[in-house]
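The first chain written gets the first letter, and so on, giving A, B, C and D; residue counts start at 1 in each chain.
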Amino acid sequence: MTERKPKNIFITGPITPAFIAESIQQHSSKTTIGGHNIFLGQIRADVISGQTVAAIEYTTYEEMALEKMHEIREAIFAKYPLTCMHVYHSLGRVAAGEISLFVFTSSAHRKAAIDACEETVEKIKSELPVWGKEVFEDETYQWKKNNF
Amino acid sequence: MTERKPKNIFITGPITPAFIAESIQQHSSKTTIGGHNIFLGQIRADVISGQTVAAIEYTTYEEMALEKMHEIREAIFAKYPLTCMHVYHSLGRVAAGEISLFVFTSSAHRKAAIDACEETVEKIKSELPVWGKEVFEDETYQWKKNNF
Amino acid sequence: MKVNIILFGQLTDITGTDTFTVEGVDDTTGLTNKLQDDYPALSNSKYIIAIDKKVIAENTVLTENCTVALLPPFSGG
Amino acid sequence: MKVNIILFGQLTDITGTDTFTVEGVDDTTGLTNKLQDDYPALSNSKYIIAIDKKVIAENTVLTENCTVALLPPFSGG
């Protein structure tokens, strides 16, 4: 197996549908692929004690996060027969209704892409040093908690 | 629960990345959604006895397929707390590298969207009266077989 | 009694057509016997039967002008 | 000995800064004791510690100019 170098996964601001479309389009030349699975995390306008979440502001410990993501990627490729995997996570402010996480797996037969995508999303949520600050409409905030 | 009427799922020719992007974009106003899961089926250029698959030509028993898809949709909505679900399947010719199936589920918390998407894909493959004809580069063909 | 037959997928390679009508059969067993007489290769083919879009599991009485579909294994997606 | 401290997320609300240096501590227990003296609210906070990007599970000796990160529960995605 060829070694995969740590690559940057962070994007400033939201991940746009046009970016996702371009990423899908780039796979049309890879004709060994039979199935793609995509997970998208979108910001919910949760109402907490009468306050509505307007955006989440993400920060990270970038050097550590990229090393950890590299480890996650290596483990996933070792476990599943994937053709490719792409991960993007937002930093900075992402408004309610916008997308902050994009995980994209592809394989010859669907099962590997589907299972690898779900496992990668779980690992990203539990293992990547990233923090979300839920900012309310009046600019007060609370720190996001992930549920498992 | 409001009744969901059978809707058309069939698209002539491939499903384009631009169409997928537009479908994602339309969900940005639904701010109760926290996670989307998307499955895309792409045509593989399989090599069979030295012949390479150039395209798949899909046909269906449309009236029956739409009734069956309606049943599948109702069962999935009854089982999972989804915000919405969209399914598109190609008819006619789809070339290797192009997309012929697009299943898109959304929910407040990721688990429902992920599980519902996988289950819907399996049901589409096993229960929908659709047939694929694998056309080789010299226009000879064989009928596709689904693996479960 | 006249019934409408529709076929799909690889079955159309055997019959050379995808719709036709059959007369003088009362139930699905009678129908498939007749079809296999007309198209012997059908007896080697795997298919299920739907009457007016409902899949049936056992021999079923046909009604005037109903539509009988012969469905080979599905291969969508 | 000087070590570099970096903090993230809700911990920065307690310290009011996300990077500073600490002198005169030998190991992570000594360091966290000192930090909790300086910022009492830290003792009510949940966090793990990474030294030079590697998470540690028990008291660990510090080295000159190493970087100690205090990481509250992750909440990406």
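What we mean here is this: contacts are C-beta pairs under 8 Å (C-beta built on N, C-alpha and C of every residue); 3 or more make two chains touch, one makes a residue touch a chain.
On a predicted model such as this, the values are computed, not experimentally measured, just so you know.
Asker: What are the mutual neighbours of chain B and chain C in this structure?
Answerer: Expected: no chain.
Asker: Taking the mean of the C-alpha atoms as each chain's centre, how many Å separate chain C from chain D?
Answerer: The answer is 74 Å.
Asker: Hey, how far is the Cα centre of chain A from the one of chain B, in Å?
Answerer: Centres of chain A and chain B (C-alpha means) sit 23 Å apart.
Asker: If you average the Cα atoms of chain A and of chain C to get two centres, how far apart are those centres in Å?
Answerer: Each chain's C-alpha centroid was found; their separation is 49 Å.
Asker: Based only on mean CA positions, could you tell me how far chain A sits from chain D in angstrom?
Answerer: It comes to 27 Å between the two C-alpha centres.
Asker: What are the residue numbers in chain A that touch two or more other chains?
Answerer: Each of 41, 121 in chain A touches at least two other chains.
Asker: Among all residues of chain D, which ones touch two or more of the remaining chains?
Answerer: none
Asker: Among all the chains shown, which pairs meet the touch rule set out at the top?
Answerer: Contacting pairs: A-B, A-D, B-C.
Asker: Where on chain B is chain C touching in the complex?
Answerer: 41, 58-61, 63-64, 67, 89, 100-101, 121, 124-133, 143-146
Asker: In their complex, what parts of chain D are in touch with chain A?
Answerer: 6, 8-10, 50, 53, 69, 71-77
Asker: Can you list the chain A residues touching chain B in their complex?
Answerer: Chain A residues touching chain B: 17-18, 20-22, 24-25, 27-45, 96-99, 106, 108-110, 114, 117-118, 121, 147.
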